[in-house]
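Lettered A, B, C, D and E in written order, each chain numbered from 1.
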Amino acid sequence: MWLTQPLRERSTQIFLGVLFAALAIVTFLHVAMPEDSALYVSAYTVTLLGKYLCYALLAVAVDLVWGYLGILSLGHGAFFAIGGYAMGMYLMRQIGDRGTYGDPILPDFMVFLNWQELPWYWLGFDMAWFAFIMVLLAPGLLALVFGFLAFRSRVTGVYLSIITQALTFALMLAFFRNEMGFGGNNGLTDFRDILGFNLRTDATRLGLFIATGIALAIGYVICRGIVTSKLGRVSIACRDAEARARFLGYRVDRVQLFVFVVSAMLAGVAGALYVPQVGIINPSEFSPLFSIEVVVWVALGGRATLYGAVIGAVLVNYAKTVFTGVMPDAWLFALGGLFVLVTVFLPKGIAGLLASRRKGKQDEPGTPAAPTTTEATA
Amino acid sequence: AEDPIKVGILHSLSGTMAISETVLKDTVEMLIAKQNAEGGVLGRELEAVVVDPASNWPLFAEKARELLAQEKVDVIFGNWTSVSRKSVLPVVEELNGLLFYPVQYEGEESSENVFYTGAAPNQQAIPAVDYLMNNIGVERWVLAGTDYVYPRTTNKILETYLMDQGVAKEDIMINYTPFGHSDWQNIVSDIKRFGSAGKKTAVVSTINGDANVPFYRELGNQGISASDIPVVAFSVGEQELSGIDTGPLVGHLAAWNYFMSVDSDANYDFIDQWIEHTGNEEAVTNDPMEAHYIGFNMYIEAVKKAGTTDVDAVKDAIIGVSVPNLTGGYATMMPNHHITKPVLIGEIQDNGQFSVVWETPSTVAGDAWSDFLPGSRDLIADWRKPMFCGSFNTATGKCGASAGEMAAEEAE
Amino acid sequence: MLPRLSPPQLAFNRQDTIMSILRSLTLLLIALVSVLSFPASAQEDDLGKALLNNLAEAPASRVEEAINAIVSSGDERARGWLEAYGNNRLSRIDDTGQVVIVLNNRGRDWEIANPLTGENMGEMSRRELDRIAINNRIRGQLEGILAMLDLNAADPDVREASAQDMMGKVDASLVEPLEAQLEREENASVRNRIEEALAIYRVGEGNLEAVDVLAGSLHPRARAALNEAVRSDNPALADKAEQALASIEQKLKLNRAAETLYFGLSLGSVLVLAAIGLAITFGVMGVINMAHGELIMLGAYTTWGMQQLLPGQPGLALILSIPAGFLVAATAGIIIERSVIQFLKGRPLETLLATFGISLILQQLVRTVISPQNRTVVTPEWMSGSLVINDALSLTLNRLYVLAFALIVFAALMMIMRKTRLGLEVRAVTQNRAMARSMGIRATRVDIMTFALGSGVAGLAGVALSQLTNVGPNLGQNYIIDSFMVVVFGGVGNLWGTLIAGLSLGTINQLLEPWAGAVLAKIIVLVFIILFIQKRPKGLFPQKGRAAEG
Amino acid sequence: MLKIEKLNQFYGESHTLWELELDVPKGQCTCVMGRNGVGKTTLMKCVMGEETTSSGSIQFDGGTELTKQKLEERSRLGIGYVPQGRQIFPLLTVEENLRTGLAVRKDGSKKIPERIYELFPVLKEMKNRRGGDLSGGQQQQLAIGRALVIEPQLLILDEPGEGIQPNIVAQIGEVIRRLIKEDGLTVLLVEQKLPFARKYADRFAIMDRGRRVAEGEIAELSDELIKKHLTV
Amino acid sequence: MSILEELSNRDRVFEFLTPAVSPVDTRHGPILYMEDVNVSFDGFRAINNLNMTIDDGELRCIIGPNGAGKTTMMDIITGKTAPDTGSVWFGSRHNLLTMNEPEIATLGIGRKFQKPTVFEALTVFENLELAMATDKRVIPTLRAAMKAEFRERIGEVLETIGLQELRNQLAGILSHGQKQWLEIGMLLMQKPRLLLVDEPVAGMTEQEMERTAELLTSLAGKQSVVVVEHDMGFVRSIARKVTVLHQGSVLAEGSMDQVSNDPEVIKVYLGEEEA
């Protein structure tokens, strides 16, 4: 089975080992340590880590399409945000009549803007199962339609990158519009419960953190499964010599579409888990610059390695958290400098550094180096 | 000595909002320095804890949590945009913090833990419209704003208000633009056309931030002068003007509760202090800075009154506290956590300052819930016991759900 | 004699020309003084002082009178006083009550002068001064008074402008003087204006013939008057007005179309300017230059810096900024190329990562070194206002200049890329670096020069943009996405593509805006781009043939 | 003209050229032969500077140490290169492809010598077509033409006949001979096809696994040698 | 097999694709049939009223001057280039002009490019694996397992192309000739009904040429092979029927002897010497 294949693989075992160990340790330190202990992990930290893990899952999704399929998506934030909105809509409906205006059905912002009834696309989001399906379906469907059009017409390279960017940009502007019924610029906030658990308790936070960790593990295994399967090799084939793959009988557009949709769904899940943890979803998640930043995490971690994406996402965001607190006036220098230094001195990202550490071992198949073709000028 | 009182500062120092928010960080730092020079409060020093939420709304929530949970600050001064406040709100409520919010906003909110020292719509928009209607004789209105909640709400309130005043629907034009909109050609041309119907026309602008510069430039270039179609802005202050060549804008208006040009000793002292603090002769002050000035002093007074920095004690103590504002009067914290403010209308001058042309005869108390919105007409907020409610419905006599829940938690 | 004026409110008055009009008025005022043969006496100073004090102390309702008193006093210093008053420069010293003119009102200490003697009184703290209040209404009146006087000016252009200002402002009291003016007036276009101004008033009175006068007019006031007439009870008048309006509408439509086209081209030219540098660094060199926006920003800040260096000469500073902006941005480009990009040869995607970092650094650098706030860049006189084609159509000058500038920059770049050796070498190097070097092309030098060129052009864009929008740390961020969009839409590596893409996207956007609104228009344009790329996966001007497939 | 001594080259860890020695006498055509993957192309790249060598020396024209020269300087010294796989600039027109070579011409001429078009008339015909659109053989002709534009003293040809129609291959051979005779050109040729090598080369060198295993006058190229080194 | 698997096998999103075994119908004539094909690029006629038929099991050599349109012809057959006019049939059932590249490839037409193209980021082994004639739809590909028989088959082909030692090397580092071999190997893995081979021996030694010749002749009969080559020695050694293309249409056709004595062919292509 393609899904169990990666479990036999050393790198995946290590990755999962580290991830689960981290989950366990954090949980233990949070639950069992007294609050004044130096080892105590506060709920704040737990949520923070949960957020990093969401970003990590998003980065893995991006790496899947970029690293292995050569599709530099500058719009993955869109799928992330849509997943987030689906979750946000569910959480919004869970507020019920506890909103400021006490309307049992309409969210506050709708009352506020004189909406009389719930728009049709909000229907069903009061049910968890429906919302959770939409978390997968909405981004998946968008990716399917968008990808179908784009791959069918063989849009590649920067052209594809830019239309993904246009997609997320257009969605951002659309979601900014108050008429859209998604809360405009303010987005959705003031969440209370998820599945009946109070979002403002530490236990729920810990639960979400663990759920995110598990989602990341599953997402990672799925991606790893794809890339170690024959389909993964076909993806690389499509990335490097599209025409050749086609002449071998592979439907390059289908391959691309499949992987793209899977990736979009993973991004959607990441977004859905992100929202309850940060407590807000708003259109800035659609911002093209955010999507570019995600790509930067992946590049920094090391493209086409998957675990590199995780490292990149966690590292950059951790750096951000620390720098914005420690050196609020100068953190951009540090972050920008980090990007520059990594690119210049670590051509294969941090994963490349790790890989060169354990040099001597046979190169694993299925983790090919990023090609050095001039994609951008093609 | 005792531990210092920790003051969290939650203003964006990078990203799109840095333009507006950095000065607020500096302001609070200045106020803290001054307070410490005067011996702190309750014999304790004050200490600023600065973080950068980087104009990123989820990050605001995260940083607020960091301030309250990790840094254990006693009070937070921060936020600019409504969305950042909305993002932070659940966090301050959950961790029972104190937040002083210094910017004019759309109202429709009153939190137990937040003190709104900027203007509510009734402290800015409505008086400004009154002025245009009564003193300038405006009959036709363009409500132009950036497409987000503050302009939406303000315009909604104004529309209702104007229609109540007998303005016909076709005499109101409403227009929304995206954030950072930079190409105003069509819209200004529309405004020009709208204004050529023979009736005196004015633009009420809730255009936000960066979009203003190209907007005013286009106004000037298309030959719309203040004497012709005046623009009254609610988001353009001295800070924004410092980035605009004000030559062509002389005479356009803004409504605020403070202008740097206000002729009062408190203001002059404040300006001197600010210039000294920044080391820049050209440094300007603006309304949100005054709001922080007031908020900070109120906090100090409340701490003195309560004799502790304990959040609940301060919350109780601060209602009713009066401190001088910078325009020569006093600001009082009302039970709804809004404050009393004078409303001033200023005209832009060529030196980047406003000259006050009109002001309310006395201060106006901020309304948490607008009288001109159907959903909130009956709501009031009062954080004194026994009512202790952010959205009390006077019609049903019940407290809104959220506040009820909080009160219940409180009781436990 | 000065006509007794009711205060007309002036429409479409160019604030900035008021000063020059006032200046040209001086002579006239002096002439008037002699006509009035005002008794010049030793107490003249006291009289002026009294007039000013009168103004300073007048309650809002009597300010008008006080002004009229000053005007009719015939004092030759009156112009200066009114000018100062109109500009908020008239103040009183708190202690003495003396009225002074503020020469410089920036900062805490203001420079003041004695309005009576013109003598400079040095600096005085702002605290000690009390401004004599003026507001829009009074300012309007002030301008009205002066405009009426302008009808007598020697320069026919001034007369025409002031006659135009009279449109829609004529009331019964003005009819007679205007008719008299009409008698005297020889210049045809001025006459036309006065006639139209009178006709607007007469249509309001129900005069049928006046409708004919207005029939062809594009002036908004004329239209407003006719609109009102349509609603009148007099069916004959309403009918006639309706016809007149219909013919006007016809003309207006054309003008609107022309205007929209201009808006579109102008927006397009901004896009082209912002993108054209990127068309080189990204399109030709293949560097995904996320710092492109910040290079634009540097150009804009250079303009600001120049204006700081040359205070009072914004025009000269702007012109000097063109080479300076190019050099600053090009130098920055060279530094970026040498310090980072050169190590990323053959790894174009990684340039995204590095230049993203650089863009963060540059932004924060500006915030730290200069200020997080926007900076003021002054628009020089000759770039302000608009080029009036007719009453309904005028082209804003700053945008006209930017449009021309964009075309010039484009043409120059085209020349460099097509006709010079550099252009050939850049393309050879990007297509096959090793081979190009084998052919003796000094690839490193080519890289530096190309990147410098692309960056320099970004700097030029910044200089131009400083005339349209904010000069602040976020400037670059606002243009980077659009720039990439334009370059790609046009077809990577094709300069013509960038030009056409920019102009057409701009035009489409402006065509859509009136009926879809600004936000929706933008969304539609983006969706259009997405769909268009489906049709033409390699942009507007794709590289065709086998070559492109590699 | 070209003297290679003790040349070693590595691709990462793999040792491709071993202590390689090669002499290319002036005014002659030396043909390097060898099975696929023995390192012929690598050797050419080392001479051109596209690959870096780890040790050894390459002396050009009696003294200039090539390993110390930058890639782009070597063409200035008068080395023209026709790489394997043509490596034309696909998006430049044929004429532009040729013009890239003008920069290093000694006489500073800004015009493409007519002679090139005489040698390859098809290039003139297709002057304005993009290089990448040409057929394989046309591209090969373009690559040779481009190398000739710089008027080299030493011309390196890596399998020049590959993909070219027979009469043109013959023509290329003739051109080589003519240039050698008329201009005193030195040619370093990589060629697999024996008849061609026999006909147009003066000398041969055989490589095997990165080493030179035989060398001599073309006449000395015996069947035995061929059997030993060129068959699998 | 569970219903679930059944369903996923059916794979509705990724529509029907033909199974690996070619259903091409050659009972009523040739395997490839081209009639009146025309192609022009920006006004340049690359293919000019081309007519050609290839019989089942035939080995056909195509020669012609550079730029005659040989590669373009292959582009048309494989669906890369759409002709302006004309018809191209594969067997008597399949109109190739209505199909795209993968469809044509799954029908059983394999192609080796003029410039060797392999997947540089994959190993030699993986290159061959991907070429293998299996179900190439997305989901089956995802679930494909490496069976022993596949491994064997790949081993055989590796043997044939002489790249056993390099089986785990990335294809990107192969030399030119090695890539040529690899591509031929991929073609073999594909087991197509019709092989289009564009200049297979460019860059090969004489002896390798012989091996290639052997290989191609051994394929003929079972499969149809179309070879484009400029090396006359090679062509001679394999040729049965030769077609000469010139300026986009057939100039001559016949046995090698016939063709090489045709004065036109000598003039435009062979030159005195080769003739």
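To be clear about the criterion, a residue touches a chain if its C-beta (ideal position, glycine included) is under 8 Å from a C-beta of that chain, and two chains touch if they have at least 3 such contacts.
Predicted model, so just to flag it, every value in this text is computed and none were measured.
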Exercise for the section: Could you tell me the least number of steps, going only between chains that touch, from subunit D to subunit E? Expected result: 1
Practice task
State which chain is most central when centres are taken as means of Cα atoms.
Solution key: A
Exercise for the section: Quick one: report the Å distance separating subunit A from subunit B, using the average Cα coordinate of each chain. Expected result: 36
Handout entry: Rounded Å distance, subunit A centre to subunit C centre (Cα mean)
Key = 44
Fill in the blank from the handout: Distance in whole angstrom between the CA centres of subunit B and subunit E is 73
Practice task
For subunit A and subunit D, let me know how many angstrom lie between their CA-based centres, rounded off.
Solution key: 52
Exercise for the section: Identify all positions of subunit D at which a residue touches two or more other chains, and write them in rising order. Expected result: 133
Completion exercise
Going by residue number, subunit B touches two or more other chains at 13-14, 147, 178
Fill in the blank from the handout: subunit A touches at least 2 other chains through residues 173, 176-177, 243, 329, 332
Handout entry: subunit A partner contacts - residues on subunit C that touch it in the complex
Key = 282, 286-288, 290, 340, 343-344, 346-354, 356-361, 363-365, 368, 430-431, 477, 481, 484-485, 488-489, 492-493, 519-520, 522-523, 526-527, 529-531, 533-535, 537-539, 548-550
Problem - Contact set on subunit E toward subunit A in their complex - result: 14, 17, 78, 80, 100-102, 105-106, 110-111, 113, 117-123, 126, 129-131, 136-139, 141-144, 146, 168, 170, 186, 190
Practice task
Please give the residue numbers of subunit D that touch subunit E in the complex, ascending.
Solution key: 11, 35-37, 41, 84-85, 122, 129, 133-138, 140-141, 159, 162-171, 192-195, 226, 230-232
Handout entry: For the subunit B and subunit A complex, residues of the former touching the latter
Key = 13-14, 50-54, 56-59, 61-63, 65-66, 69-70, 81-83, 86-87, 89-91, 94, 108-109, 147-149, 152-153, 156, 178-179, 373-376, 390-391, 393, 400-402, 405
Practice task
Give every residue of subunit A touching subunit C within the complex, in rising order.
Solution key: 72, 146, 149-150, 152-156, 158-159, 161-163, 165-167, 169-170, 173-174, 176-177, 243, 288-289, 292-293, 295-296, 299-300, 303, 329-330, 332-333, 335-340, 342-344, 347, 370, 372, 374-378
